[in-house]
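Chain lettering (A, B, C, D and E) follows the sequence in which the chains are written, and residue indices restart at 1 in each chain.
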Amino acid sequence: ESQKVIKTYTPRYAQYFKIHYYDQFKIVESGKKPIVDRFMVADGPLNCTSSLFKFTANTKRFIATSTTHVSFLSVLNMENRLVGFQGINYLYNSKFQGQKIQDIHYQMNAEELLSLSPDLVMAYSANLAGQKRINELRKLKIPVVFNYDFEEVHPLARAEWMIFSAVFFNQDSIMQKYFTKIESSYNDLKKQALAFKKKNVLVGDIQNGKWTTCGGESDLAILIRDAGGNLLLKSTSRETQTISLEKVLKITEKADVWLTQNTWENLVPLSKDSRYKKFTSVPAYNNTRLLNKSGFNDYWERGVSRPDLLLADISEVIHKNGSHSLTWYKELK
Amino acid sequence: MITFKNLSVGFDNKSILANLSGELKRGDLIALMGINGVGKSCFLKTISGLHPAIDGDINLNERSFTRITPAEIAKKLAVVLTDKIHADFLRVHELIALGRSPYTNFWGDFLEEDGQAVEEIVGLLNIKDLNQRLFSDLSDGQKQKVLLARALVQTPDYLFLDEPTTYLDIPSKIELMKLLKFVSREKHTGILFSTHDLSLIEKEVDQIWLIDSAGVLHKKSPDEMNRSGLLAKNFNI
Amino acid sequence: MITFKNLSVGFDNKSILANLSGELKRGDLIALMGINGVGKSCFLKTISGLHPAIDGDINLNERSFTRITPAEIAKKLAVVLTDKIHADFLRVHELIALGRSPYTNFWGDFLEEDGQAVEEIVGLLNIKDLNQRLFSDLSDGQKQKVLLARALVQTPDYLFLDEPTTYLDIPSKIELMKLLKFVSREKHTGILFSTHDLSLIEKEVDQIWLIDSAGVLHKKSPDEMNRSGLLAKNFNI
Amino acid sequence: MNTRPTIALLSFLAITILLSAILFVYGEAGFNTQDQLILWQLRFPKIMVALLAGGMLASSGLLLQVFFQNPLAGPDLLGINAGACLGVAFAIMGASFLPVEWQGIGQALMAMAGALSVFFLLAFLVQKNLSRISLIILGLLIASFTSSFISVLVNMTPSLQVKNFLVWSMGSFQGLTIEDVPYFCGLAALGIVFLALMPKKLNQFIIGENYARSMGMNVQAFKFLLILVCSFLVASVTAYCGPIGFIGIIAPHLARIFIKRSDIRLVMPAVFLVGSSLALFTELILIFTSEYSLATNSILGLIGAPVIALYLYKERRVL
Amino acid sequence: MNTRPTIALLSFLAITILLSAILFVYGEAGFNTQDQLILWQLRFPKIMVALLAGGMLASSGLLLQVFFQNPLAGPDLLGINAGACLGVAFAIMGASFLPVEWQGIGQALMAMAGALSVFFLLAFLVQKNLSRISLIILGLLIASFTSSFISVLVNMTPSLQVKNFLVWSMGSFQGLTIEDVPYFCGLAALGIVFLALMPKKLNQFIIGENYARSMGMNVQAFKFLLILVCSFLVASVTAYCGPIGFIGIIAPHLARIFIKRSDIRLVMPAVFLVGSSLALFTELILIFTSEYSLATNSILGLIGAPVIALYLYKERRVL
């Protein structure tokens, strides 16, 4: 630890990790203050001692707990490294289907994890209780690490976490290049969008008699803004908002596009509910084009690694240039 | 007429009393006696259809109990048991009124005759002043009277009472016996009641049915009973 | 000695009987009489400390009830009420054994003397054959005997019984009176019990306490009571 | 003394009407008596549903509390509620398991089907002449089996469907559109007819099974009917409004404490009205707390519970 | 007849020991008797916790069922469970509300604090000499207030913290490390000492408050003690294992049906052992169903409930 840092990767978008490069090893910091986890990623003998937990940089047996943790494997063509997953029927990428992947328990049973002898277990959590559990598991020689991509808001920030994941596979430099590519294509799209006329975008639908919509600072809100849209019913929160229907029916702006957040196949359910009458003329879309056979959505898998494609989808939905064929979104008819 | 033949009564398919036969006619006033635990309560519950018989037949006017609907039986039979009633906010007049429920309409509304029946019995039992009280706030004797009233307003053809004089004070006991006699004579109600109070009933009842400790049912008039010495033998008196 | 002075008893701060005074000495056998609803049960519960007095003092050996711990009182007093007991799987011997609980150790383990006390009472009440039965499966009379046994094995100095002869058959009633007399004489237990059975008790008790319908407590020996005509007047007999 | 129940009933009625009126003219959009859309498409369904659903839940709670002589009994007692939830869980989350033609079946039908299967189980037990205590324990087991089943289903389902189900299961009287209202009113009307069958019998039942039988009740048939009625009421409400537990348990206690009678013919309407008022009351609170996104059940617990507790505590002598 | 309780007790003990032994040598990693890490760091804590927590929950259920004479009573009855949950909810989700120095306070401590506040409320009510029925209803209200409070907290918290809380609230006997075990055992030991105070008094209480008083019981003090003991047991378990409801309600019924006695001195150990066995049994099932991610509570409902229901149904004569 006393050695000199050669260089540090400070993410451009992501806020909750940092990678310090040393001669023989890397030290990674991840987490949200005050709960910051420091650990070492290295292989081979070190010429120093450290109290930090040591991960291998050459992960062969990988256990993940969220679809957002595995999309980078597809980028690197390393799908075969995944040996355990929480909820394998959530996975969309067909390569995973052919593999033997153990379905692991939601509550992270230590013995089950041990029995898979993993090199890396990637989990998600966000507080002391989680950090305490990590330390317990590490004491049992289970190499667990938290991925905080969920805590990030900006779509590019989430994608940037692939660099974090790649460290454990010695692929961080490749991933940095890949990310740079995605970033520039995202920013290109964003620049193009400035030229278009702003459109009003309505997000959400009626749940239990309340309009449920995305937060005004959420990832979707950012995508809509970057795609040249003006989010209606905008709040200042990241979290999903529920708004009284009485207020929704009173809004004066006219919606140009409507992104529903449900699993409708067509407009039939909508026509059955007269409370949607105000919006029946608005073109409606949702993001359920790519579902696996259990109904799980690729949006939460590859969507995370390709924010540029997401933005392209939304741009197309909003402006209908016809320049891009939709990946995840589809129009409801 | 209620007749029972070769009746076995008991719990959980184990019979306590077997081979009981007899009949209760309208207008009869009969006391059922026997030592503690001999099976009086069980017999009364069985013959009033509240407890399944283990074996044998019970007929009401020549028709087997099993063929008559509960609603029909209810217009013919009424009972008073020793069960305690736990009901909050239950007022005495409501409880007594329930006795008329076999006769009332779908909602349980009272007609004039229902009101009269209640009025009469409440008067005879001298419990008019309890009418608005909560049943749960009565003394044991008061409760007993109210329960008797509920059974009597049911204007049954047959009445089965398990130790009806329990908790009653001396004048009430005497009154009750008079009332039972009146009901059996004037309303032609057949009454079978268990009791341990020989001196109280001796003069009033038509018959004493004695279940001896071997489980045999002896049916005799009080005089015959006394002469036979069965009572003395059975009760060691 | 239990003394009470200017005692008012009742429910919810409304007094039913007021200004009661008297005393119960060890060895006394006293019958409490009065018409239904006059307040006998309420008085018994109050004087045995189960029900709060509305006014007045109750003293046990010159010490106010309020100053004595429940555990101490329990070694001096026992009661039998008319409350029904609802307990599944409760065996008779377990229930009777509870009567010894004021004397047993932390776990409720029986010493030899506890066993003897139980043995004796069970023998006297003639309920040895019920020992292993479930309490819930007993007949009313059998239950009553078991409850009496529970109170008696508590070997109290004072015993309060609310209508203890209820449900008992004739021989058992007589036996019970003999037993109460025996206990009061031999074990110097002061016994106060309510009853409606004048003929049964007349010969046995030392005193009759009569609560008349005005709520006045008259204390006289049975002879005096008869001569005074109070009973006849009160009960219309 | 005799007028107390009448006064209580009339006040409950007045409160119910008052609350309905307020909710009709006032909402999240403020005072508004003009906008037909808001009045008839939003407020009217909400009021009707709260009114009826609250009453139905409360009445079913009353039936169960009297029948089981248990103050803890409520709509979720015998697993009827859980059965209905399971049906809805299938309907909402079934997309991933069920063949396509099944998915069209509406939520309400599925809720009914779920409740019905639990009902058949219970009816089977009743027919076996189980004691009430056996029935209550077996019902408890059915309920916990069913709710575990639901949580397993939740575990296996895509998050969006799960979210829909979770939102539904938070309970709401606002989920119905004006198009649904006639169906719901139909069910409610049938439910009220069912309820009308009960008072006389229930009155007889209060003084015990033996006496009830001696007054001409077919106890077996009565038990069957009671469970049928409760299942129907609970399933109807759950299908449209999600599982709402609190009203069913507390309204009967409240109403009885006010009315101080045991005659079910008086108590039942009072309980119904108290249930309605509680439901309407939560809707009123929802208007003022709309920025916090509270669920109906949360409001009942958070605001209803302390208020009721204080009242009961003050009135503790009569409990 | 007299040997039945002894035989039942010994069989429960045997089953408990057998299950513990199986769980010690067999786990998700298969048969394994060598790996000290797995045996002592993983399996041993899990077995100890299941053993003790199951027993503690079951015993507290017994106390409450006997006290309230209500077969539905269980650890979640009076809101003690909910109180403990609220404490943990603050501990886990508090990050966003609480000042930093508060966040360090452990989950167990917060659970205790939550349960304690509910306990004080209950103790206050006991001291006011409320009837048991008032107590049960007010307890119900406290419970629903507290759980609504939790759901509001869940509503207001970023999703990831919520996830931690939800995982915790699914219940698990595996959350403890070998370092936690001594603390938990300490609490359990204290709990068992507490439990040992109860049998004699509870036996007296069975035949009714009046008779209990006449046998020297200070009924007020007893109620206080009973609620204290239950709170302590439930809070200890909830703090470490999350809310686990089913065992507490069903184990007492099961044990009593086997043992067919009412003497708490016999029933209590039987109930404890049945609770332990149930807990160990779920751990066993968990090993075989790990790919389905079932929570402990789900397994109890999904597998435990039908098995127990079938048994009770067969034995219905004795219920």
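Rule of thumb we're sticking to: a contact is a pair of C-beta atoms (placed from the backbone, for glycine too) under 8 Å apart; a residue touches a chain by one contact, two chains touch by 3 or more.
Source: prediction; values computed, not measured.
Following the contact convention of this document, D is the list of chains adjacent to both subunit A and subunit E. Any chain touching subunit A that also touches subunit D appears here: E.
Taking the mean Cα position of each chain as its centre, A sits at the greatest distance from subunit C.
Look at where the CA atoms of subunit B average out and do the same for subunit E: the two points lie 49 Å apart.
Centre to centre, using the average C-alpha position, subunit A and subunit C are separated by 78 Å. Averaging C-alpha coordinates per chain places the centre of subunit C 42 Å away from that of subunit E. Chain centres here are Cα averages; for subunit D and subunit E they lie 29 Å apart. For subunit E, residues touching at least two other chains, in rising order: 170, 292-293, 295. Touching of two or more other chains is recorded for no residue of subunit B.
Residue positions of subunit A with contacts to 2 or more other chains are 87, 106.
Counting only pairs that meet the touch rule, the chains in contact are A-D, A-E, B-C, B-D, C-E, D-E. Looking at the complex, you find that subunit E touches subunit C at residues 1-2, 69, 199-200, 203-204, 206-208, 210-211, 213-219, 256, 259-263, 265.
By the touch rule above, subunit A contacts subunit D in their complex via residues 87, 89-90, 106, 207-210, 212, 241-247, 249-250, 261-263, 272-275, 277, 291, 294-297, 300.
Touching subunit E in their complex are the following residues of subunit D: 70-73, 77, 125, 128, 130-131, 133-134, 136-138, 140-142, 144-149, 151-152, 155-156, 170, 245-246, 249-250, 253, 292-295, 297-302, 305-306, 308-309, 312-313, 316, 319. Contact residues of subunit D toward subunit A in the complex are 27-29, 32, 35, 37-38, 41-42, 46, 95-96, 155-161, 164, 167-168, 170, 172-179, 242, 287, 290, 293. Within the complex, the subunit C residues that touch subunit B are 11, 34-37, 39-42, 82, 84, 137-142, 145, 163, 166-174, 196, 198-199, 235-237.
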